[in-house]
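Here the structure is laid out as structure tokens; the discussion comes afterwards.
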Amino acid sequence: MDATIIGGSGYSGSELLRILSRHPKVETLNVTSRQHEGKDVSMLHQNLLGVYDKKFLSPEGKTLDVDVVFMATPHGEAMNIAPRLVDSGIKVIDLSADYRFRDIATYEKNYQKHSSPELNKKAVYGLPEAYRKDIKKAQLVANPGCYPTSVILGMLPLTASKGKMDLERITVDSMSGTSGAGIKASEFLQHSEVAENLKAYNVGKHRHRPEMESILSEQFKSDVRVSFTPTLAPIVRGIQSNIHVHTDGIDNNLPELYRTFYEKEHFVRITETPNVKSVNGTNYCDMGVWKDMDNTHIIIISVIDNLVKGAAGQAVQNMNIMMGYDETLGLTGIAGHP
Amino acid sequence: MDATIIGGSGYSGSELLRILSRHPKVETLNVTSRQHEGKDVSMLHQNLLGVYDKKFLSPEGKTLDVDVVFMATPHGEAMNIAPRLVDSGIKVIDLSADYRFRDIATYEKNYQKHSSPELNKKAVYGLPEAYRKDIKKAQLVANPGCYPTSVILGMLPLTASKGKMDLERITVDSMSGTSGAGIKASEFLQHSEVAENLKAYNVGKHRHRPEMESILSEQFKSDVRVSFTPTLAPIVRGIQSNIHVHTDGIDNNLPELYRTFYEKEHFVRITETPNVKSVNGTNYCDMGVWKDMDNTHIIIISVIDNLVKGAAGQAVQNMNIMMGYDETLGLTGIAGHP
Amino acid sequence: MDATIIGGSGYSGSELLRILSRHPKVETLNVTSRQHEGKDVSMLHQNLLGVYDKKFLSPEGKTLDVDVVFMATPHGEAMNIAPRLVDSGIKVIDLSADYRFRDIATYEKNYQKHSSPELNKKAVYGLPEAYRKDIKKAQLVANPGCYPTSVILGMLPLTASKGKMDLERITVDSMSGTSGAGIKASEFLQHSEVAENLKAYNVGKHRHRPEMESILSEQFKSDVRVSFTPTLAPIVRGIQSNIHVHTDGIDNNLPELYRTFYEKEHFVRITETPNVKSVNGTNYCDMGVWKDMDNTHIIIISVIDNLVKGAAGQAVQNMNIMMGYDETLGLTGIAGHP
Amino acid sequence: MDATIIGGSGYSGSELLRILSRHPKVETLNVTSRQHEGKDVSMLHQNLLGVYDKKFLSPEGKTLDVDVVFMATPHGEAMNIAPRLVDSGIKVIDLSADYRFRDIATYEKNYQKHSSPELNKKAVYGLPEAYRKDIKKAQLVANPGCYPTSVILGMLPLTASKGKMDLERITVDSMSGTSGAGIKASEFLQHSEVAENLKAYNVGKHRHRPEMESILSEQFKSDVRVSFTPTLAPIVRGIQSNIHVHTDGIDNNLPELYRTFYEKEHFVRITETPNVKSVNGTNYCDMGVWKDMDNTHIIIISVIDNLVKGAAGQAVQNMNIMMGYDETLGLTGIAGHP
């Protein structure tokens, strides 16, 4: 099969290249970039030297005549390009937020005016652990945000719990590495500013909050509200989400519940010691679960690599499902220790 | 005045040396270490080369014939030594947990059998912003734990708020640097294991939780309960505590409330961008406060340097108060940027 | 084929597990550890959770009845075990220094008394780019040290240069990450001591120096002497070696010479911007070469991942050669960017 | 006395603020910035909150009617402003390269056309350990570059050695933190690119090389040539320079020679374990010296904080000398451990 990455100069595009360049089913792999058109890809992504020795192309013509197109463009661009790709029968996986919201108004409130609301109705939220069946038939998949991936996966097993939960008072503290903010130079992200530092940002107003709330509300069939506080940590890759849920007292053996819920999921591992390094470079989501406060408080700690399970890896997982491949193809890499 | 640090081979002892070696009132400064007795202090603490060129002493005789003794020993040692120091009229500031609990049973449950419960009754909890008057008259001060310092300072202004708060359902996520765990080599703390990683630990069962709960309950005159989750972050110094409080809706202008509450406190700064680097090496506690969830959720983010305001700096602040000095003496150092 | 790793609790053993657990030819993979015998491997190496779910074994009996044994034990242990393995017809790849020296006296001077000098004569130095033919026929391969790998690979192309070089006055400054020092807890390697720091160590007396000198002397057919200064840098993986060679003036187009020399080597890449991150987790050695001082000074900058090309990856490369497999099997992983 | 910092938005300006805001002789301290004029200084330099609560000014009028002006502007700006300041009798300390070169042609070759060559003749190179007497009488001091400071201080004691040295074949490998490259956002300096990485840059062509060569040639009264290779390391502050000098054999006790040479210098410390963290935030230059290769190779390892002894601290040291103050005023801060 042939694939094209539109917008390959950023970190999501880079990670797609890393994974797809060694994917056993991918025959032709193109990557476009308006900014870097004509340049060697390995000048920018030096890890690819000797591995992917092609140049950045412009996003047109034969470049787009492929089976699958990955949109690794900034929010607001995919919605202008995806409609004609989908019309041509190409499967599209969009890593931006453009098609993540069932409710177009929520998208428009948090991002911008949507230019293809009709297509939005057909988009499937690309979290395989929750929407695998729909993804299998989808022609357009909206790849989830990184924070929502960690939080929704952490919450899903609780849909199987019998305890009452205060779903409108969920608290999430997430810590993220710098790669989540992209390749573009910024003073906030300079090494001198980030190293040996911790900085909360967008307290109470991060755009990933409505995304997680809308999907969780759908999954829990109830209004879920999340107070979400992200903090920038001095790591490159990785998100740790600490999820706090109040209950009236819960009797379940939670670790057991979690293990059972995710028993057949290759990319979710239950552990007592979740840590971001053990998922570095991998498509795994590792998580642990604890009770506290006389069983009235549940703590779930969920970790992912924001560029893999939080972006490019999950996108390839979606591709595998859409194409009918084994879901783990190209995604069996594991982290090193250390 | 003369001072002695008992247990100067660890990081709290090292930081006490850094601060006291340049304190304008300190004339003679001794430091003891059983393990390193007779060795040059600057062999271990290389930052002190040319600044403090003495040797580690043994903790006896003339070494202890001073005005103030700082106990920078592991938990369980101060309670065996402090009684006779106090009896000799020496002012004692204990950086361990030995005298932090009003309720001896709570100490014994979380640490060990207490060997000087009588003296414990006279100990004052050394958080100047809450107990300054008592510290002024104290002969034995129990210097607070690092996490409790960040959390209690973050909560104190809410005692002045009129909103109802769910004090039994407070959630705290704290991130800490590695220096908080001390100088002793451990696999958990090796650079190879910590770098590019985030690791939650002691989820729901950290010993600083009963400490913060007991002081907060006293301050709020009501039973305060905290679900506390600490995470090890790849920084050396610094704690960021995210404190979450549910209310029935709160009308106060919280940042204003916080500014007013701490107006006269030199070492607390209110800011919209608290970050651990801005307090690195300093005795400041920086904090910001936000409302969320239609005013029913308060988020306080409080940052300190765990070795300064969280240990040695606060100890010197206590010494200044006990000795009747200007509270900021020796503590005016500021962080660099970057 | 079946393989066993003796000494799997360290970082080299861990990295061998990472690579071999996904190697297409490896059917049975055992790992031994005296210290951790009976424990789940993934308790120690958490990255392997769900990937390698076996336990640490004791190094005896059936465990050793395999095609290839990797010795990832401390220096001094392999020489006691290898002889009987080799006698049983097992191929042995030793990651320690025990069989790296042609001249047993040099080994004994720098390490300890050698217990199997006879077998030492048959050992082949496992640097495929220099000794591939011998490795192919070897039954015992001495896997090179990490620093020597980076330095020897950086120097080899100069054997093809016609310029005169002052081979007795080579200067090497190397920077290394902490994983090179192993998993054992040590104060020197604590995160608090390493982060935001640079520390030279073993200046002029590191044991890798005689190793690189002896191999380089053999390759250059001339006495090569190296002044070698290693520095610990706050990274986990990676070595950068800056190699300085004086000449009487050199006319070669050095980058061209280097490209030609390594044209057919899969794991050496010539680049103008060598950096350790681009080889992280990979078996690549990236290098650049520059002239300076009116062509009388050559600077080669060579970077590797000390645990891969500097240890486990090179060991598997040697296994592939010894077993007649494609040399790159199991070693096609690439670094991420970032 | 009154002082003004021109160009206070960068890291050198920030560090000058940190030091001068607590300098016992400084009464009025202004800071200018064209970009940030009118903004609170502590919005940009958050460490200064509550310490320096003034605003950035424009560089004119009363702002410049002070005793000392520090120029913390990019190269090329000081030479346009300094002449009229000097004419007004103001003492000027320029942290840029504009007045560092005796030989204007070398400046122009490496930087740009010089606009005040006349004034350049009167400038004194502000390395107190070499030019203290001249600094005392100077009205314009050219504050040295960070790399040259570390290298020249490391070499100076050898002027007192009797051994013959190959001064035209000196090799220097330096590692530097990111703060040396300034506050301006750049892709090269993003945390995602720098963390867990080492990157050599400007190999053989860094502009600090002619600076160190010209000063060393003057000090050694002989032509000194240096092959200089800088590497960016993942630390914020700190430079480690490894200096290699060939000799015909040297009999001196070098550590003793170094100790004696620097006996009276407050800011140079001789140690067997130089490391950047021990000088972090301080004006110290720590160094060690070793012999190698049968006494024919000298290795000096010299470490500084690039923003302090390599920039702002040395500038204040120069101010103290120019004003007749104790040279250590405002500069007695020491690093923490850890």
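All chains are identified by letter, namely A, B, C and D, in their written order; residue positions are counted from 1 within each chain.
Keep in mind that, in the parts below, a contact is a pair of C-beta atoms (placed from the backbone, for glycine too) under 8 Å apart; a residue touches a chain by one contact, two chains touch by 3 or more.
Predicted model, so just to flag it, every value in this text is computed and none were measured.
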Greatest Cα-centroid separation from subunit C: which chain?
-> B
With respect to inter-chain C-beta contacts, which pair, B-C or A-B, contains the greater number?
-> A-B
Which whole number of Å gives the spacing of the CA centres of subunit B and subunit C?
-> 45
Subunit A to subunit C, mean C-alpha position gap in Å, rounds to 36
Distance from the CA centroid of subunit A to that of subunit B, rounded to the nearest Å?
-> 39
Got the subunit C residues that touch at least 2 other chains?
-> 11, 178-179, 183, 190, 192-193, 195-196, 234-237, 273, 275, 277, 338
So what shape is it, when you link every pair of chains that touch: line, ring, star, complete or other?
-> complete
In the complex, subunit D residues that touch subunit A = 11, 177-179, 183-187, 189-196, 234-236
Along subunit A, where are the residues that touch subunit B in the complex?
-> 169, 171, 173, 175, 190, 192-193, 195-200, 203-204, 225, 227, 229, 231, 233-238, 240, 242, 244, 246, 273-277, 280, 288, 290-293, 296-297, 299, 301, 303, 338
Under the touch definition given earlier, write down the residues of subunit B that touch subunit D in their complex.
-> 11, 14-15, 18, 21-22, 45-51, 179, 183, 195-196, 236-237, 266, 269, 271, 273, 275, 277-278, 281-282, 284, 286, 307, 332-338
